[in-house]
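Chain nomenclature is as follows: A, B, C and D, assigned in order of appearance, with residue numbering initiated at 1 for each chain independently.
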Amino acid sequence: MAIQVAVCGPRDCTAEEESDAREVGRLLAERGAVVICGGYTGVMAAVASGARSAGGTVVGVLSRADREGAGPDLSVVIPTGVGEARNAIIVNSGDAVIVIGGSWGTLSELALAMRRGRVPVVQLGGWRLLDRDGRPLAGARHAASPEEALAATGLWPG
Amino acid sequence: MAIQVAVCGPRDCTAEEESDAREVGRLLAERGAVVICGGYTGVMAAVASGARSAGGTVVGVLSRADREGAGPDLSVVIPTGVGEARNAIIVNSGDAVIVIGGSWGTLSELALAMRRGRVPVVQLGGWRLLDRDGRPLAGARHAASPEEALAATGLWPG
Amino acid sequence: MAIQVAVCGPRDCTAEEESDAREVGRLLAERGAVVICGGYTGVMAAVASGARSAGGTVVGVLSRADREGAGPDLSVVIPTGVGEARNAIIVNSGDAVIVIGGSWGTLSELALAMRRGRVPVVQLGGWRLLDRDGRPLAGARHAASPEEALAATGLWPG
Amino acid sequence: MAIQVAVCGPRDCTAEEESDAREVGRLLAERGAVVICGGYTGVMAAVASGARSAGGTVVGVLSRADREGAGPDLSVVIPTGVGEARNAIIVNSGDAVIVIGGSWGTLSELALAMRRGRVPVVQLGGWRLLDRDGRPLAGARHAASPEEALAATGLWPG
């Protein structure tokens, strides 16, 4: 079975996040990884577009029970119908989780991925977390570029 | 996007159901449809095996949060972690739902597919349902063979 | 902790089913059981009404993420937002499951309750199930009245 | 129907968080609010204990499909069986959401509550969030004590 990488990010994103997401999608597809994403617009559409441009497989795990709003570059659509509970399904589906940019929904995916605890979680941009004493939390690995994000997953050593 | 067909059936199945499931998987893959199934043994493994033998894409929507017990012929694995609630996700993912054989889990999928009500539901063998007056329920379309099951979906008109 | 009984049934029901549901709710509340139901109209509203008339606690486990359509007699509302997947949650919440009347959604709850397999499942009216050879399935216990339904749960011996 | 307040917090918590949670539970019960929580140990058990000490109703929305590990002070148990996806259900169930302390699971609940966006979200201690430019996020209302937390919900004006 192919490696699967969940890529999470907001509907409303900056141009830089969109560009990063497209590049992450392209790089994942080049390495033969299946991309799992939320299936809608913004970062989700950009990572799908990038992966498809390189001939990759992209699965959109939708919150809705139908395909309304699903992006055009998905290979497979899973209209879960479970609402935001689908965020837990997305992060369960990755051998690694890459988070690009920030939003409340995206933060919930980052948190659920860390809660799951069995796979590398990589943040590219986005929000920062401090513990109760104001110190940066030891959490996701931080990457400064799409290439670094893939390297930080540790899935493709050397 | 490719047509997606959800195929449901029990872990414990007869040799005939297993053979039917393999043939349904093969025929779906030949028509370019993506197969969505539960991802474990029995009918689920047989439909996956049939689809893969014809070069098709098979998505296993698992009840567990990890890949334990997932079959060897899945192209993509979605370890939902939502238990039997994943049955609703499987039936939401099909442009048609084909049910092969009978079990309580399978019956829940048949019922959820009929409840959804927007797509053709086809039964190949399996259990029968009577209304409160003992009359056969107008429900799923019944097929007597894998070929008839695909025809009954109406997705590939003549 | 109080005994919890899940009561399932259709939105559209006969007058007899509504009357049975109200009586089941009343009898459960009299025995101190918490009633878990789907929280909307029909059988769901009737069992809630019966239970509240006897001072009982009724939990409505809703498919929607908000309270729209929730009945007036619920003590607690859980707007799951997971759609029909909430049917699995309802049946998981009962020390016994009582099914009144028939519909596709109700059948999915009966099937999920039997699939769960750890608690008594009692049918009061509703649909009938035959195996692949046309024989009645050994499944839920059948009851002919609300009193019999409670007795058939085995939760209140002697 | 009674006001419902979801109270979220980690299994592993400090003595102060446990004490705060117990007091929040007590104060909510005194105001007649139903407490919705995750049903296990730590902050969840403490809020349940506080609410029960004041005669309140406490609903434990469990990740597991059975009651294993459920706390002793729950009035009602909903063993969802949907794993961490149940976090979305907890936050959907509150007219307000109070978050005490920090953990990855707790952060996912805070994020899902903010994502939901229709109800007040109050943080008592716990983690801090910065946006991509390192500025504190406009997010949950912050409270310094259990009394302030209840006041910050705005549910009991003056």
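By definition in this document, a residue touches a chain if its C-beta (ideal position, glycine included) is under 8 Å from a C-beta of that chain, and two chains touch if they have at least 3 such contacts.
From a predicted model like this one, the values you see are computed outputs, not experimental measurements.
**Q** Is the number of contacting C-beta pairs greater for C-D or for A-C?
**A** C-D
**Q** What is the distance in Å between the mean C-alpha positions of subunit C and subunit D?
**A** So the centre of subunit C lies 29 Å away from the centre of subunit D.
**Q** Report the inter-chain centroid distance for subunit A and subunit C in whole angstrom, where each centroid is the mean of the CA atoms.
**A** That pair's centroid distance is 40 Å.
**Q** Where in subunit D do residues touch two or more of the other chains?
**A** Answer for subunit D, listing residues that touch two or more other chains: 65, 81-85, 88-89, 92, 116.
**Q** Line, ring, star, complete or other: which one describes how these chains touch?
**A** complete
**Q** Please give the residue numbers of subunit A that touch subunit D in the complex, ascending.
**A** Spelled out, the residues of subunit A in touch with subunit D are 82-89, 92, 101-105, 107-108, 111-112, 114-117, 125-132, 134, 137, 139.
**Q** So in the complex, the part of subunit A that touches subunit C is made up of which residues?
**A** Going through subunit A, the ones touching subunit C are 65, 81-85.
**Q** Could you list, by residue number, the parts of subunit C that touch subunit D in their complex?
**A** On the subunit C side, the touching residues are 1-2, 4, 34, 36, 57, 59, 61, 65-66, 74-82, 85, 88-89, 92-93, 116, 118.
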